[in-house]
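Heads up, the next two complexes both have subunit A, just with different partners, subunit B and then subunit C.
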Partner chain A sequence: MGTTARLKGFIILALLPTLLIYTFFVIVPIFWSAYYGFFDWSGMGDAKFTGLANYIEVIKDEIFWRSLKNNFIIIAASVFGQVPIALVLALLLMKNSFVNRFVRSAVFMPMVLSTVVVGLIWGYMYHPQIGVVNYVLKSLGLESLTRAWLSDPKINMFSVSIPIIWNYIGPYLIIFIAALQNIPSEINDAAKLEGAVGFKKLYYVTLPMIWNTVKVVIVLCIAGSLKAFDQVFVMTGGGPAQSTELLATYMYNNTFEVYRYGYGSAISTMIVIVSMILILISQILMKRKNQ
Partner chain B sequence: MALSRLSKPLLYVLLIALCLFFLMPIYVMLVTSLKPLDQVTLSEMWKLPTVLDFSSYSTAFEKLLPNLLNSFYLVIPATVISALLGSLNGYVLSKWKFKGADILFTLILFGMFIPYQSILIPMIQFLRDVGLYNTIPGLVFVHVVYGIPITTLMFRNFYASIPDEMIESAKIDGAGFLRIFRYIILPLSITGFVVVAIWQFTNIWNEFLFAVTITTSEQQPIMVALQNLSGSQIVQWNVQMAGALLAALPTLLVYIFLGKYFVKGLLAGSVKG
Partner chain C sequence: METKTDHREVLIPRTSLVQNINVWKIGKSWISKIILILFAFAMLYPLYWLFVSALKTNQEFFENPYSLPIHWVFDNITRAWELAGMGKAMINSTIVTLAAMFLTLLLGTLTAYVLSRFEFRWKGPLMLFFTLGMLIPIHSTLVPLFMIMNKIGILDTYWSLILPYTAFELPIAIFLIAAFMSSIPKAIEEAAMIDGSGYWGIFFRIMLPLSFPVMSTVAILAFLRYWNEFAFALVFINDQALKTLPLVLTIFSDGFGTDYSLTMAAMAIAVLPTIIIYLFFQEQIMKGMVAGSVKE
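The block that comes next holds the complex of A and B.
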């Protein structure tokens, strides 16, 4: 029995660093953040207990709701932009030919670029005077379509969504291709024998076979867009007049620009709550669809 | 059949358009970075530079060099430590399953879904208390913490493909927990380590939010410095784009030469255990 006790010791010892780090720096801070939300605090010096004041302010804060709405725009753009495009591309590029591999690499490449680099390049391309986007429109004779892409509050949320879509289609494409290539060839043969081709095959054979992957991708997509910060921060900083503010940039601006750590913490807590609700809802919806 | 004959050229047109959409920003970056500032105008936008002007590269390099070094000091230890921890966790969670191992694993995975922003403030407070705020080691620590879920997931999936019989027969031969890890698992882990290291290297190199909130001026990694490059009155787009390319070069090179492993890592990380 001595050996099993020894073994237990090893297992505990191996997992201990992770367990400690994880508990104290991932789980506990969530509650710590919620606790900071009860204080009026500038990050330095004394904090004054203000009860629920910060949380009430968040709920009444118009800009908080606008940020939430903008976050939902990013989520929608990701789920309805990235996932279908990645799926269609995966169906087109599934075979391992030379051309396909080249196109795949091109689509995947933005993934390894830093989000800051992505934000800078697109910020430059959107530039109203010297940007490529307006230049292309002008040379196509579509002068009337040229815009101040990042400063017009009517469209700038959509302008910032495009680089985010551009940035992350690649990984989903690769995941879908792997899933498609894993479909056993017998199933494809059987489908052919039964006369299922084209869209019919896609709907009745291919999609159900990779449905689990689609679910995983959608959840990854939602989780990823909740973290969205970098590209928007670099391109607009949440402006102008806070029109492109996301939850994360709003939290950042409150905490590190105007030094309202307590209020920033309250926003952080709201971010956790919103994320958990969304992940939960998506999991439940996915389960139901599966049955 | 007529349809497929027609759709083939259409398909190629579509694919070419797609490549353009994905590669155009890179082209713009490259072309702009090689021009002197007075050629960065709307009418010259598309054109290749008339003379290759590397001055923006030397300007950008001069300004960014200290931060480039910071990034290496950050990325190397953070990658090594988080990979080692991930390998240890993956080994235990896949080969020494105990009661509750799966629950623990799910809990660790949960960490991937927590938006970092929400734990940023307590984290900064902790780093201040222990004197690691505004230091590279502080940033290393943060990246190790938030690297654990993904490295554990990748190694666990990787080790799941090592047959259990190998472990069993080693046990019969009297090898214990550590010996099996040292003499069986580690030698078989080389691909795993390459995959995880590339993944972590890329992500930590590119990371921005922690870097911008935890470090200031001299301690800043490359991405923060790059973002600050535009601080002056007139934006020197050519220097900006040259800096962006310099900052992106390490991860681009990794991708060009070791892209296969990068894709492997992506798949290992996306397949839920």
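The block that comes next holds the complex of A and C.
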């Protein structure tokens, strides 16, 4: 009895600080913003209850839908950019040779860089006058292809996607390499005996063997690209004329630039809902295809 | 992760036909090697450009933006350090990062110890509760956290970064450490228990020291995350004297917009610590980040 009471006391005391910090800073904010979405508050004075007004305004705002669409562009660019690149590289870099290790660490390196620095460097690289992108095009004689990469609303969403793709290939590459190295050597031997080589082997043997990993990576990729904010915020701030607005930059600009905390709370709640729906859908789709 | 050496190759008879195939294979593998190395350099190019530009004069930056500097100048670095308060920002980043790392490691190991060693009624729901946090999009908490911290008066202090950083890193830290602790044999603790050590004694004298390998991984990941974090710092810190490196960089690039080599020098100062850490702890960082992301 004495020891169980002591154990109980220890467990409670050991878990308490973690639970307090975690609940207060991670969980409470979700409910807080859902609640304050019903109020109008400018940061000073009293908050005024306005019912569903903020939520309705968000849904009616064309910019909200554009931001959502832009988020989907980032997700699509990540899934169709990062996953194939990581997979092809993993097939080429599977063996642990010196050169392969070097290439792997080069591909992974952007992961440790500050996202602000990534945004700033790419911002310079896209610069119409001093940027390397236009410079290379000019020196290749492709003058007609040079443009203002970040300000032309027709292409700037794709321009901001490239640094994000570049930034996050690393972990997917490592996951794919681990999966490929885990394929039992008997299976490779059997494939060789059956005469499956090259693309045939890739399609009939290798891909099916790592298909579950591919699915996990796609789910991770969707969840990861939902978090995109820093690079785009630094490169364009959501502009020009809100053409590169993401849900997170839209939330930021509507809250901290114009001091509408109630409206910002409503957008935050929408971000949570959108994220949860997307994560749920991607999980369900992945499980269904499994059967 | 081990390479499987292919013993069968030794058994293949070396007829001329096979040798021809080998020549073709070797040629192909060299071409793919060269392409891969070029690809690696392309991946590294933005970073190379950053460091090269940081060591040029502005005039040279405009005249030949892509070559190595003709005159290496370190003047930009010292100017960035003094002019833009990069020194002060470095101190702020260090304080916030170290404090949050300390809290993350202490609370993370303590919680992981309880979760990996004891059975109690709320364990299952508790694990689920921590998993939930990893699904919450971090940016959706910016507005409510701003309001909450404003209310309790810690906005615009170091705590407004230290506490949220710790809170959001804890789930990953707990899962990584708990997985490691589960692999430590229980016999050691049982012996200590018989010797009369209490739970706290076992934690501090046995479990904590035994967990150093995984703690170092968690520490490195936390360092990278805290050092580079931008969104929270942008929203929660307004006081010029408290701004962290990423924040100062954005202001800097606005203010000194056309002084490119100065801005590049400031960025070089900010990324150098993370690159050095990466060069030393590559394997650990790769494995840790992958384990952390898969847990999510």
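The working rule: the second predicted complex is superposed on the first by the 266 of 291 C-alpha atoms of A that agree within 3 Å, B and C clash if a C-alpha of one lies under 4 Å from a C-alpha of the other, contacts with A are read in each partner's own complex, and residues count from 1 in each chain.
Here is the rule we use: contacts are C-beta pairs under 8 Å (C-beta built on N, C-alpha and C of every residue); 3 or more make two chains touch, one makes a residue touch a chain.
It should be emphasised that the depicted structure is a prediction, and the values quoted were computed from it without experimental measurement.
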{"item": "Fit-or-clash call for subunit B and subunit C when the two complexes are aligned on subunit A", "value": "clash"}
{"item": "First (subunit B), second (subunit C), both or neither touched by A:Ser185", "value": "second"}
{"item": "Touched partner set for A:Asn96, first subunit B, second subunit C, both or neither", "value": "second"}
{"item": "Touching partner for A:Ala77 - first (subunit B), second (subunit C), both, neither", "value": "neither"}
{"item": "Contacts of A:Ile164 with subunit B and subunit C, given as first, second, both or neither", "value": "neither"}
{"item": "Subunit A positions touched by subunit B in one structure and by subunit C in the second", "value": "6-8, 10-11, 14-15, 17-18, 21-22, 25-26, 28-30, 32-33, 36, 89, 92, 99, 102-103, 105-110, 112-118, 120-122, 124-125, 130, 132, 135, 166, 171, 174-175, 178, 216, 220, 223, 226-227, 229-230, 233-234, 247-248, 251-252, 255-256, 261, 264-265, 268-269, 271-272, 275, 279"}
{"item": "Residue ranges of subunit B in contact with subunit A within the complex", "value": "11, 14-15, 18-19, 21-26, 28-29, 32, 40-42, 45-46, 85, 88-89, 91-92, 96, 98, 104, 107-108, 111-123, 125-126, 144-146, 148, 152, 176-178, 202, 205-206, 208-209, 213, 223-224, 226-227, 230, 237, 240-241, 244, 247-248, 251-252, 254-255, 259, 262-263, 266-267, 270-272"}
{"item": "Contact set on subunit C toward subunit A in their complex", "value": "1-4, 8, 32-33, 36-37, 39-41, 43-44, 46-47, 49-50, 61-62, 65-66, 103, 107-108, 110-111, 113-114, 118, 120, 126, 129-130, 132-133, 135-148, 163-164, 166-168, 170-171, 174, 198-200, 203, 224, 227-228, 230-231, 234-235, 245-247, 249-250, 253, 260, 263, 267, 270-271, 274-275, 277-278, 282, 285-287, 289-290, 293-294, 296"}
{"item": "In the complex, subunit A residues that touch subunit C", "value": "6-8, 10-11, 14-15, 17-18, 21-22, 24-30, 32-33, 36, 89, 92-93, 95-96, 99-100, 102-118, 120-125, 130, 132, 135, 166, 170-171, 174-175, 178, 181, 185, 189, 216, 220, 223-224, 226-227, 229-230, 233-234, 247-248, 251-252, 255-256, 261, 264-265, 267-269, 271-272, 275-276, 279"}
{"item": "Subunit A to subunit B touching residues, read off their complex", "value": "3, 6-8, 10-11, 14-15, 17-18, 21-22, 25-26, 28-30, 32-33, 36, 89, 92, 99, 102-103, 105-110, 112-122, 124-125, 129-130, 132, 134-135, 166, 171, 174-175, 178, 216-217, 220, 223, 226-227, 229-230, 233-234, 247-248, 251-252, 255-256, 261, 264-265, 268-269, 271-272, 275, 279"}
